[in-house]
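The structure appears below as structure tokens.
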Amino acid sequence: MLVFDGVTLDFGDGPVFDRFDLAVAPGRLVALLGRSGCGKTTSLRLAAGLVAPASGRVENRFRRTAMVFQEPRLLPWADATDNAAFGLAALGVGREARRARAGDLLTGFGFAPADLGKRPAELSGGMQSRVAIARAFAVEPDLVLMDEPFAALDVGLRRELQDLVRDAVERRGSAVLFVTHDVTEAIRLADRILVLSARPARVVLDAEATPTADPAAIHAAAATFLALPAARGALLER
Amino acid sequence: MLVFDGVTLDFGDGPVFDRFDLAVAPGRLVALLGRSGCGKTTSLRLAAGLVAPASGRVENRFRRTAMVFQEPRLLPWADATDNAAFGLAALGVGREARRARAGDLLTGFGFAPADLGKRPAELSGGMQSRVAIARAFAVEPDLVLMDEPFAALDVGLRRELQDLVRDAVERRGSAVLFVTHDVTEAIRLADRILVLSARPARVVLDAEATPTADPAAIHAAAATFLALPAARGALLER
Amino acid sequence: MNAAARLAWGAAGLAGLAVAWEAGHRALGPLVLPAPAETAATLTTLILSGKAGPALAVTAADALGGWLAGAMLGAALGIAGGLLPPLGAALRPVTIVILGVPPIAWVVLALLWFGPAGLSAGFTVLVTVLPIVFAGAFQGILARDPALGEMARAFGAPPLLKLRALIVPQLLDHLLPALATALAFAWKVAVMAEVLGGGTGIGGEIATARAHLDLAMTLAWVMLAVALLLACDAALLSPVRRRARGVA
Amino acid sequence: MNAAARLAWGAAGLAGLAVAWEAGHRALGPLVLPAPAETAATLTTLILSGKAGPALAVTAADALGGWLAGAMLGAALGIAGGLLPPLGAALRPVTIVILGVPPIAWVVLALLWFGPAGLSAGFTVLVTVLPIVFAGAFQGILARDPALGEMARAFGAPPLLKLRALIVPQLLDHLLPALATALAFAWKVAVMAEVLGGGTGIGGEIATARAHLDLAMTLAWVMLAVALLLACDAALLSPVRRRARGVA
Amino acid sequence: AVTRPASAHPVSGLEVLGAPNASTVVLVRLIESGGLAEAAPGATFRLWRDTDDLRAGLVSGRSRLITTPIHVPANLANRGLPMRLLAIISMGHLSVVTADPSIATFADLAGKKIVGFFKNDMPDLVFRTIARKEGIDPDRDIELTYVGTPMEAAQMLVAGQAETAILNEPPATGAIMMAGQTGRALRRAISLQQAWGRHFGKPRIPMAGVALHQSLIDDSPELLAALRTGLAPAKDWVLANRTEAAQLAERTMQSRPAVFERSLDHFNIDVVSAAAIRPEIETFYRAILDLSPATLGGTLPPDEFYLDL
């Protein structure tokens, strides 16, 4: 269970959060939507314990948390495999074993054998994203914090990885807090969709949802969703 | 006019381009689609003269080129305004004038006054993207090279900025080479859509298009587009 | 950490050093290590008697003049060498040689060119400072982010803008510590050159105090030199440190 | 640029230095600057006569021993100071003082602790090397990318992994040039300490050559020390330089 | 030497370099009393710190008149610099100073720890020469260690870090006085001059002198004449006016007057023509040549090296 309880946070130019509440239970994928700069990334950083709230409480009772940052955040001096294996290294997995596991994951994500040894500067943007995603999933986390993880990926890869995430939720019972700008992606994946207002962030729409892979259903739902005044106000209008 | 004529390029692990041709005329927005790692970013870097082809010719006859990189590439020690003003500084515009112009642009992109003085590390991902976009448009370029520029933006901002790009094409007659993963975005914006194959990159689909802002028309066209075997093969299937 | 806290901790560090000195004095006796208090008293007398001023002016001119010249030359060569790899590869071993050659090898040259009193101490400082600053500038150029360089090229930034907005801010990361180290060396080397040289400045006074077997006096002069070094570091480098990366 | 080109350019730089030396010799005469050829001949004789070996061993032990000890202490303190800001703020002025105090002040202490022969040259080297390496390590820690640190925290990386995979590779950027500078200083300071001290090692031989007013011999010994320094730099630091950032 | 006809032009801008050695006070007195004012108006005086300083002064032509340990001009003459030795001004100022009551003669040094200075330089060579003559192998029979300068050796003696050291003047006097203030008894146990006398004839060592560059003699015979007439009276004045001499030394050579005055008894100043005691000088040079030929540049200096006072 991940719980935000009355969280307040201010970077010095007005509150980003003001008594903000949130809960994510195992086996649930919660999608966060909201305009740029509203506090989505900050909420993930709070969840990961990278910033502490000024007041209120953040409690993460999951055993193993992993994070996909908005940027890849790869070690520039390590190759793709070692980067993908970083989380495993943090768990104490031996070098050979972790490289094998990371290599398998990356190959599954469309890496050619020659790409496995490339350093980040030699990888395309989407390849870097995939390394960052592999790094998170390699540790088989109970809670995955994902910050627009598929923004740099083409349609095909995006679908494959979306399926991977759903799979983790359904088969392993992982919890996912998923930030995205893409309403169709949220509808495709989420058990629950939260729309945040501009700063200070408040939940203006909290909708239960049923994940689906059917394109027609997704587009229909997206149109309906964006027609809701709360979503419209928070996502489209100035 | 931007012309690629028989361009070949190899980073040492097989060719990325092998006798690749491309032309972008003034007043035209050409969208590039293709799977991750196929060479889209590399084609923009060739156009900007940041890499030279091993053989073949890249000719850029536009007077003023600007680029929006896949990552923001902001100066970490400069604030948002100075970063957005960098292109103007390169043109020799005085400090006050360029900061004023950059500040106006950023405000137009949804920046609050307090955000103008923030350094990149204090900006959200989407805010950094916007600074990079402002940096490019501030110089009123004839040719804009854009690498997934709106991937980190919410629906509302994305639409606004898409309109800005179309505006530059239609009113100023700028040319745009636009890399995106989002088929609906390509359909919304492009005069011509190119789909690249996997490495070595080849144009597998070359479609003239008519830009439109009507959501229904866009979704219909996107479905039709993805039903084309060439697009389907290049974008969705492994 | 804010400036006040940094200052307080710095003072604490220096106080620790003074305590160690006092302990050494108690353990070894005044003939080996005079008491800090006695040394400070001697220093006060020196300052009040007006003897400190002129010596200090000479040493400061030697140290700061040599540092400035060496830093400018070293930075210019380091930047040029960093931007032009063949030049850099050619200069690197040369600067190592310059750094590694003990002063005895060129003291005759310096004395001949600059005379015993005049500039020879400053020249020795220059020769010490140059390679240190060269290494810092060179590394600063090499370590810069290529992604930002590409961005600047894509926007056709002229060389001067690149220098000001990209190269210098990244350079300072490496250049500032090199300048600080070089500054400390400048004081030390100036004093040493004076001790071995024409007998002017603080070094000359130290040589005399030593000839008199007067340890407290020797240490008082050393203390003066070190105090000036700390003052210089605070006055010259702290502002740059604060402004670093603050360039547009 | 590949290793061969770098080597060639480096040799070109050193050749330029030799040309300057020859020109100086022609202009100033052998009493000021002996010919490079004469010096090289003297050096060859020295080596063949077997006098060079033992002196060299003593100096190498002084220089490398002091360097190693100073580098380890300096790096440890620098890393600790970088990771713990108050400690860093306290240590910085202390290291500046240590750096800025002229060797004459240390000589008394060194003589006392280590006697006239033994370790006093090594100690002087340590005292010179420590602050240089401290500054490099300190800056290396401060300059590391906070985004990567957050990433490691998010994955719960244990301290050792952080050190190995994140801190060290970023550190090397600053630490390696500091180690190289310190190494050059180590040789120079070891030689100088021997010149001023008990008369052992290359420095002792230089002191003797100087007492004989034999400039060619003095420079031959200096050349030997510098050649060793260049060899050391190539042997000790180049591998690390090549491996830098190659850590998992 | 060929001397040109006397010129009427005085030498201007002459920088006289004095050895960092108490006997230099003789030449200083000569300058201060105006003895050179006519031949070399505006002559300045400065101590040289090491032979590099001296060499640069001589090569550049700034300094052509010096006081110096006498092996230095001989060495330079052998290297092609036309140096001439005019007079000896110090007949030796080395002694073994100790806190060890058991040391009275050279033989007592056997098995002891002794601190020396300027290894392989003249003081060391003198000590080694005498030790050999006394039947002591300085490398085996005694534990000889070296420090850089006499000041450090004196410091170690005073601080009790060493029991016995070879010292020159005035550090020997300074060490004894300072130790006395703290109740530590130091004394001059052995005069190296006396020891020298036992083996080489007279109990004195011609150690320091006044030397000139040949070009100075050519340019200004008047200066040479002024030196010839003035040096001996300058010495006499120093010996007769010890307090004033000490003050003079303080002003021009940064000595401590109290130490200097007491040390006067031990640094054996005298003014003797170089040509007149050439045999004694050559005895000294030969002794050095035996031990370390390079110190003199390999051979004895040529005949024209020695000038008459």
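The first chain written gets the first letter, and so on, giving A, B, C, D and E; residue counts start at 1 in each chain.
Going forward, contacts are C-beta pairs under 8 Å (C-beta built on N, C-alpha and C of every residue); 3 or more make two chains touch, one makes a residue touch a chain.
Everything numeric in this text was worked out from a predicted model, so none of it was measured.
Enquirer: Which chains are shared contacts of chain A and chain C?
Expert: In this structure, the chains that contact chain C and also chain A are B, D.
Enquirer: Quick one: superpose chain C on chain D by CA and send over the rotation angle as a multiple of 5°.
Expert: So the angle, rounded to a multiple of 5, is 180 degrees.
Enquirer: Round to the nearest whole Å and give the separation of the Cα centres of chain B and chain D.
Expert: Roughly 50 Å separates the two chain centres.
Enquirer: Could you please state the distance in Å, as a whole number, between where the Cα atoms of chain B are centred and where those of chain C are centred?
Expert: Taking the average C-alpha coordinate of chain B and of chain C, the gap between them is 49 Å.
Enquirer: Between chain A and chain E, what is the gap in Å from one C-alpha centre to the other?
Expert: 86
Enquirer: Indicate the residues of chain D shared as contacts by at least two other chains.
Expert: Residues 28, 32, 108, 112, 195, 210 of chain D each touch two or more of the other chains.
Enquirer: Residues of chain E that touch two or more other chains: which are they?
Expert: 50, 52, 55-56, 59, 149, 155, 159, 161
Enquirer: What are the residue numbers in chain B that touch two or more other chains?
Expert: Where chain B meets two or more other chains at a single residue, that happens at 71.
Enquirer: Write out all the pairs of touching chains, ordered by chain label.
Expert: A-B, A-D, B-C, C-D, C-E, D-E
Enquirer: Quick check: in the complex, which residue numbers of chain E touch chain C?
Expert: Residue positions touching the partner: 46-47, 49-50, 52-53, 55-57, 59-60, 62, 149, 151, 154-155, 158-161, 171, 174-175, 178, 182, 254-256, 259.
Enquirer: Contact residues on chain D for chain E in the complex?
Expert: The touching residues are 28-29, 31-32, 107-108, 111-112, 115-117, 195-199, 204, 207-208, 210-214, 217.
Enquirer: Spell out the residues on chain E that touch chain D in their complex, using ranges where they run on.
Expert: 50-52, 55-56, 59, 72, 75-76, 79-81, 115, 118-122, 145-149, 152, 155-156, 159, 161, 292, 294-295, 297
Enquirer: Within their complex, state which residues of chain B touch chain A.
Expert: Residue list for chain B touching chain A: 11, 13-14, 33-37, 40-41, 70-71, 110, 114-115, 122-127, 129-130, 147-148, 151-159, 181, 183, 215, 219, 223, 226, 235-238.
Enquirer: If you look only at chain C, which of its residues touch chain B in the complex?
Expert: So the residues of chain C in touch with chain B come to 147-148, 150-158, 161, 165-166, 169, 244-248.
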